[in-house]
Amino acid sequence: MHVVIPYVVGALLFALGVYGVLRRRNAILVLMAVELMLNAVNLILVTADVSVRAVLPGTGGVFALFVIVLAAAEVGVGLAIVLQFYRMRRIVVVDEVRLDTDEERVAG
Amino acid sequence: MSVDVAGPLLPLVPFLAGLIGLLLPPGDGGPTRRRLAAGLGVTGAGIALLLALRVLLDPNERSTDPFFDPYGPGYSLGTFGDLTVGYGTFIDAPAAYVAVAVAVVALCVQVYSIAYLHDDPRYAPYAAQVSLFTGAMLLVVCSNDLIMMLIGWEVMGACSYLLIGHDRRLPEAPAAAVKAFLVTRVGDVGFLLGIAVLISDAGSTYLDTVLAHDYSTGTLTAALLLLLAGVAGKSAQFPLHTWLPDAMAGPTPISALIHAATMVAAGVYVVFRTYPLFEQSPVALAVLGVMAAITILLGALSATAQDDLKRVLAWSTVSQIGYMTGALAVGSPAAALFHLLTHAAFKALLFLAAGAVIHAFGTNYLSRMGGLRAHMPVTFWSFVIGLGALAGLPPLSGFWSKENVLAAAAHATEGGEPVPVWAGWVVWLAALLSVGITAWYATRLLLRAFFGVSRAHGPAGPDWEIGFDDARYQRPATPHDPPALMFLPLLVLCVPAALLGLAAYAPGFRTALELEDPHLGVAVALPMVLLVLGAGSAWWIWRAVPGVDPAAALGRARPLFASGFRLDDVQHRLVVVPVRALARLVAAADVRVVDGAVMGTGTTTTGLGRLLAAGHRVALPVAAIAVCAGALVLGLVAWLGAAA
Amino acid sequence: MIPEPSDAYTSYTYTYTDGWPFLLVALLLVPAVGAAVVALMPSGRDRAARVVATVAAALTFLLTLVIPFARPTEFGWFDYGPEAPAITPWLDLHFDWVPALGLAFHLGVDGVSYPLVVLTGLLTLLCCAYTIKKVPAGGSGRALAALLLVLEVGVIGTFLALDLILFFVFFEIVLLPMYAVIAGWGGPDRRAAARKFVLYTLAGSVLLLLGVVTVVAEAGTGDLLELTGASMLSRTTQTIAFTLLLLAFAVKAPLWPLHTWLPDAHTEAPTVGSVILAGVLLKMGTYGLIRVGLGVAPDAAEAAGPVLGLFAVLAILFGSLICLRQYELKRLIAYSSVGHMGFVLLGIATFTEIGIQAALIGNIAHGLITGLLFFLAGTIKDRSGTGSLNQLSGLRESAPRLAGLLGFAAIASLGLPGLAGFWGEAFAVVAAVRAGGPYWLTLAALAAVGGALTAAYFLRLLRQVTHGPATPEVRALRPAIAGVEWFAWAPLIVLTLAVGLVPALVLSDTSAPILGLLAGAP
Amino acid sequence: MSSQPIDHFVLLPLYAAAGTAILALLADLFIARRGAVIGATALGGLATAAAALVAGAGGRTFCTTAAGACSWVPTWPAAVTAVLFAGLTVGVLALSVPALRLGAAPAGEFCFLLACSMTGGVVVAYSGDLITLIVGLETLTLPLYVLVGLRRFAPGERATTEAASASVTFFLISVVSTAIALLGAALTYAATGAVHLDMLGPAPAPLEPLAGVGAALLVIGLAFKVAAVPLHAWAPATYDGAPVPVAAYLSTASKLGGVLALAAVVSRLDTAAVVAVLAVLTMTVGNLVALRQSRMVRLLAWSSVAQAGYILAALALGEPGVVAALAYAAFFVVLELIAFGVVVALRPPGADGGELDGYRGAGRRAPWLGAALVLALAGLAGLPPGLAGLFAKLSVVDALVQENWTWLAAIVLVNAVIALAYYVRVGALLYTARPQAGHIPATTHPAVRVPRPIAAALIGAVTVAVLLGFAPQLLFDGLT
Amino acid sequence: MTVADVLLLALGAIAVGSGALVVTSTHLVRSGFYLVVSLGAIAGLYLVLGAELVAWVQVLVYVGAVVVLLLFAVMLTRAPIGPSADLDRPALPAAVIGAGVGLGLTALFVDAFRWTRFPSPDPGTAERLGEQIFGAWVLPFEVLSILLLSALVGAIVLSRPDIGARKAEDA
């Protein structure tokens, strides 16, 4: 088979994920976009099992499984965080998260 | 005490006396403390005189103990590379004579000052500084190491600075002091460089080695010309003479000290000392000759128009030192030294006598004097002897020494000397002409100060110049001869001023100085004629229009002469103003450019920081965009890197 | 705090010659422990703490005086056989400290460093004693005294270090304490001045670090005994390393145009800070140039000589000219340091024995004289409440003693023969003349002219401050000189005179080590 | 393929760390006393450190029989860093005690999450393959998302949202960078077929760009953990919003984990260019921005961004720079812990870092704390008396110059100069007299009472810093 | 072109297409459903690529759990069910970077693998993967358990403000 197809699919999915992360204002949508990125990674890992002479054949699949679990854990915690934020601020818009509200008051 | 102990001790004693004296508390400590200070000063000078006499007694005695050999390299003070600076003495007869002269003048000045500064609260440091000054001069005289000589040389400069600036009530005193130090210091730049060249080439600072070293002509000429710069500074030769007239702001005894035997004589003495080198360099001698000729005339002409008693004497010093350097230039160091000695005597006498006048009268200005002869006979006669010697009136000392100089110059015009013939002519003409001028201004001085009627109560009433430190005159007292402490030194100095010239007939003295036999040939007539002409014309002008300054006859040249040919202005324009401008420029550049770059770096960095910090004052998504963009760019970089 | 060889390292190589090399450790340990004790004393015992600090400084000073007696009786260089190292320290102490970084705790003292060590001990003692009576406003006296002792550790360590990295470590030690002294006890504008000082000099010392590491990386050793004399480095490395080192030391010295931190720092620093800064900190730069710069890169040093000489002369001239335009007492003295260090650097730039000896004695003289000047200037400023030359006049009238001392110090500083300042300046010129050629002759002439300018601005200073009618500020100042002030000043005065009369006091044992340093040069 | 024998002895640190987490959970469940939970966790942390030292550089385990590549690689550097993780955990726990006593966060969960994080750190230290490494890193980081935002408010207390914002920021950027790192790992695997660090190597011909980009992305993703520019934006906001002890953990343990991961990667893959660019950007931007900060924790955050740059500079060398980077990181975390510890000590329990102005004169009120902070700041600036910091800088510069990367060393040093500007600003502030309030003389400051656990942590950290300052060879011996 | 290729293309198109809808849809909820589709397609790709277990886990964990979780979150945050206008920011930076990433990665892969054929793998069995996981990868697996536990506890402690809440007297 032509592995380039799933690879390119993975690349495009990753790019879509990046786009989504950057485009979306709603934290949950951002999380979805992140899921797309992680899935793209998984796809590439699984595809790599086909295309590469691995030291341990099938490592990609194993890796992908780990990534899935990682992603699940992250989503769980992430949603808890977003919900906490929502509880406190009544919004889930990431634009509202300021990084530096520091007024410049530096002496000398 | 043997010479090998006396020699090294000679500069040390007054030096130590000075140091100890400086430790005395300043301020008016009452009579006890004054007595202590005076005692120290007089003792220092007195012991120095004794030591000098001891050395003079047997100047050529050599010790067999190499360690104590006063004429050897001496005690090492420090070694720089292969150059060992040593404290040792080199005393031959001329040195011994000069040392005696220095000691005598110093002693006279010390004694004289006790009375002259009787109510000065800062007498103690003054006396100590005089001692230091004496020690420094004796070091120059005795040292056999060029660096040690330089030390004495510059310490004198510093002492002159301190002493000239001594007077607290004269607004011009500090300026004059600074000027004296700075101008001589400028000359010393050359002196230091000259010495540096000499010792670098010779590989030793030891005078004997340097004198014996075979230099290339170029090096030697350069070094000697540099040395001459220093000599010009210290000995007040054109063009570095400008400090000397201003230095009259110092107390009068100090003027005596500076003009008679120390400071100004040092330059002449150093050339004398290094004469074996000068002999090898006609260029240096020619320069010296021209310098001398200009100085002789410049000094003499400037002296004619001065109204300040001390300034007349100051300019006369410039002129007389010119005679000495002229003698050196024309190849007669002996004549120079002879004139140095006689000049030391009569100039010290003149200044101390002038001090007596000022002390008694409260002013420096000839225009406020007149008719002093009746009140101050001793002072008057001191003046007569001093001025006579200055003008070269036979048989006073100045006549003989000046005659020697003229003879030497005349000899040089015949060729056969290292100096070029034209330089001999220049020196001879200047010296000769100056004899007449000197006689003129000496006569004028005498007449204006001591004859005629007193001008103390002028049309505008009493108008007292406070010209020296201890003058606290409410109203003019009747002028009178000075107290004994000032009186005695005058008497002491009268003797050599009058008689030292006859010493040329003393074989010991003559051979010691390597003077030629005195011969009063026809050649003596010419200066005599000029002398009579000068003195006579001054007298004649004075007689013709009584009460008017003979200098009025100078007409439009008078202000020019009075200002010393405006060389002060020239110096101001050419040196002071540019240096100040340069300083302003450099200081501004230091702040704006050099420090500006530094501060600019700081400001720029902080500004960048502010900019970047502002860039980080954003919301999360922008940060996310930045992160992803950064990752993308870095990924591309890596790709290109891996592909390359 | 000082790095002391820990017990954990006794297993490493450990060599020492005869004599008492541990004296060198004691030299660092005594002030360090003193600083710790002083800092830990309760705030109620402030004065007692300052006395303790003075005692510690005095002990250190005594230890520095003991050094010559602790030398091995057999002079070391007879023991080395044909391959004698270029430097043969009197005392030599060597521990491995951080082998991973090529850092050895290698201390030694020889004729080049010894006078500076003594000077440091002396000035610290004087400054500590001075603080017993007078604590500048701003902080507790014991903190100041402790900082002075820490500074002493750093400076003495720098002078003793025979390992490049160790040298750097000690070089850095002084930065923050000096910053603290200026920022804590300084004048109204102290913050900015202190920051400028610390950043500027750090910029210099990072160059030193780079240079040092470059050398160690190529030579494989940081041991100055091994590096000196034998050219272990390629020409390129030497050039790079020397350039870096030169810049680093030029900042510290400071050499024009890298000097602008100095005037600000001096103007704002408290009196003792100025004294230490001018008296010993600047010497680290010139000493470093001799010991490290010349030691490890003799060829490059030789090649850089003309350039360094040019800048040294520019420093002399510009420093003096700028002084002519200064209207603040301490600022003027600070700029005068630029000129004086220019003479020192000119001596070094010739890379001849005479020149380096002139530099060494110039260092000492500058430490003594400028230390004294800053003491006096600080006193005048403290008592009259102003440092502005326009407001100071007629000191001779109200405080003749003080005026006399100022006059002495100024005259010594302008290089009057017979006083300490003369030798360095005169023989720097002699060395330049000796270097020969029109270029060096010109430099010599310009330097000598700079000497005259030095006289000009010092006389201007004296004329302004001591002569003339007394201003209200001056009239109001207290003329008496306290005992502690005499204690602090008298040694400087006496030594200025003594070194001036007998330069051998400083130079007696410098010839061999300098020749050793120069041996590497072609 | 059969399961291989597992050397449980060398796994002791892992067991101890994981056991600590479980112990904390159980203690919370069954004893439910704050003191007990905290004590148990602290003991567990110490046990972990002890275990790491005992296990030392034992045999590897979890090896693939085929190639001999192992997932658990006990080495001395690993042991040393594991000890550091454990020490930092205990230290941060101690710093948190006052806040926990106050009830600012549930103690049991706090301890558990902290212990989990420590476990992740230990795993990172010992991991021998990318999977374990990334899982370990996630284990290190994930509990921190929670800890950053975990804050309980007393009834009536105004609820602040900084912590929640910080948590969102941290989480979102973290997942993105995790995705990037995973992509990098995936590409690396696709190119080389290996995930074991020892097996990583050059890719076959056509796959070289793939491997290059993979390595770069891996580095970029991991660089997030050390807050390298341009992946740093989360750090200041997160540090400032998080409780100060957690911020301390973020800037020390979390950063150390990132350094370890990076070190593992860069020493096998050629990523010099990317790491060098990251290093230059990181230190320069970090220092420049730090110049203009007015909040204490933000300043420390930016400074720690900059510090990461120095570590990256060493890592740009690849294998030869690893020891220097680890050494720097070790010195750095100790000093940083002191700095944060002093901040915690000077502020009321549970408070944030506050404005810099609030620290005016603090060094006079609390001389010991002031001295400790000065030591830490000097160390971070790389100057005595912070000798540890000096040796840290020295080791990095030394490594760079040894490898002929003098230009990078020069940039490091220029940055050290810039950095000093803000360090001295803080240091000087500590000793500036407060503006006179009323007529209370400046000398009679109210004394600062330092809670015992914080004092203990500070004393411990300062002792380590001083010890390392005088005997840095101990650390270098441990890392080689 | 083999059957596998066709399948890959088709599934890939579905995955990418629905992925694009995920990030562009103006309906929050619809985005969630598109995500399901996309993830399902990816699961299909796994099957084609011979990673059976991964595919099933994908379906179970992602489609079954993660997406449901996300949808719950949408509900809990009272997000609008219908289309909403304020979901997006200006597109340009995102589009530029997204396009850059997509093009870059695509080019990278295309350059690396070209149109090369690789042999289709044996359909992997769960047993083989399981053997691997419990053979070579026990360590990360165990660590993962800690991770999951901490995620669990963390999520709970964040979601339940009553845990460890401060009483009035604490303040």
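By letter and in written order, the chains are A, B, C, D and E; residue numbering begins at 1 in each of them.
Here is the rule we go by: a contact is a pair of C-beta atoms (placed from the backbone, for glycine too) under 8 Å apart; a residue touches a chain by one contact, two chains touch by 3 or more.
Chain-to-protein mapping (UniProt): A = NADH-quinone oxidoreductase subunit K; B = NADH-quinone oxidoreductase subunit L; D = NADH-quinone oxidoreductase subunit N; E = NADH-quinone oxidoreductase subunit J.
Computed from a predicted model, the values in this text were never measured in an experiment.
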_Shortest walk length in steps over touching chains, chain C through to chain D_ = 1
*In this assembly, which chains make contact with chain B and also with chain D?*
A, C, E
_Remotest chain, chain A as reference, centres from CA atoms_ = B
_Centroid-based (C-alpha) most distant chain relative to chain D_ = B
_Chain centroid nearest the full-protein CA centroid_ = C
_Centroid distance [mean C-alpha coordinates] between chain E and chain B, Å_ = 100
*asked:* Rounded to a whole Å, what is the gap between the Cα centroids of chain A and chain E?
replied: 8
*Between chain B and chain C, what is the gap in Å from one C-alpha centre to the other?*
37
*In whole angstrom, what separates the CA-based centres of chain C and chain E?*
68
*asked:* Give me the residue numbers in chain B that touch at least two other chains, ranges are fine.
replied: 602, 610, 613, 616, 618, 620-621, 623-625, 628-629, 635, 639
*Which chain D residues reach two or more other chains?*
64, 131, 135, 138, 142, 145-146, 149, 168-169, 172, 176, 187, 191, 209, 213, 233-234, 236, 291-293, 421, 425
*Do you know which chain C residues sit against two or more other chains?*
191, 195, 199
*Flag every residue of chain E that touches chain B in the complex, lowest number first.*
89, 93-94, 97, 100-101, 104, 108
*Tell me, which parts of chain B touch chain C in their complex?*
19, 22, 25-27, 76-83, 85, 122, 125, 147, 150-155, 158, 161-162, 165, 168, 171, 173-175, 177-178, 181-182, 185-186, 188-190, 192-193, 196-197, 199-200, 579-580, 582-584, 586-587, 590, 594-595, 598, 602
*Spell out the residues on chain C that touch chain B in their complex, using ranges where they run on.*
196, 199-200, 256-257, 259-261, 318, 321-322, 324-326, 352-354, 357-358, 361, 396-397, 400-401, 404, 407, 411, 416-418, 422-423, 426-427, 429-434, 436, 444-445, 448-449, 451-453, 455-456, 459-460, 463, 467-468, 497, 501-508, 511
*Touching residues on chain D, where the partner in the complex is chain C*: 323, 378, 383-385, 387, 390-391, 393-395, 397-398, 401-402, 406, 409-410, 413-414, 416-417, 420-421, 424-425, 427-428, 431, 443, 466, 469-474, 476-477, 480
*Residues of chain D touching chain B in their complex?*
168-169, 172-173, 176-177, 180, 208-209, 211-213, 215-217, 220-221, 224, 229-231, 233-234, 236, 270-271, 273-274, 277-278, 285, 287-293, 418, 421
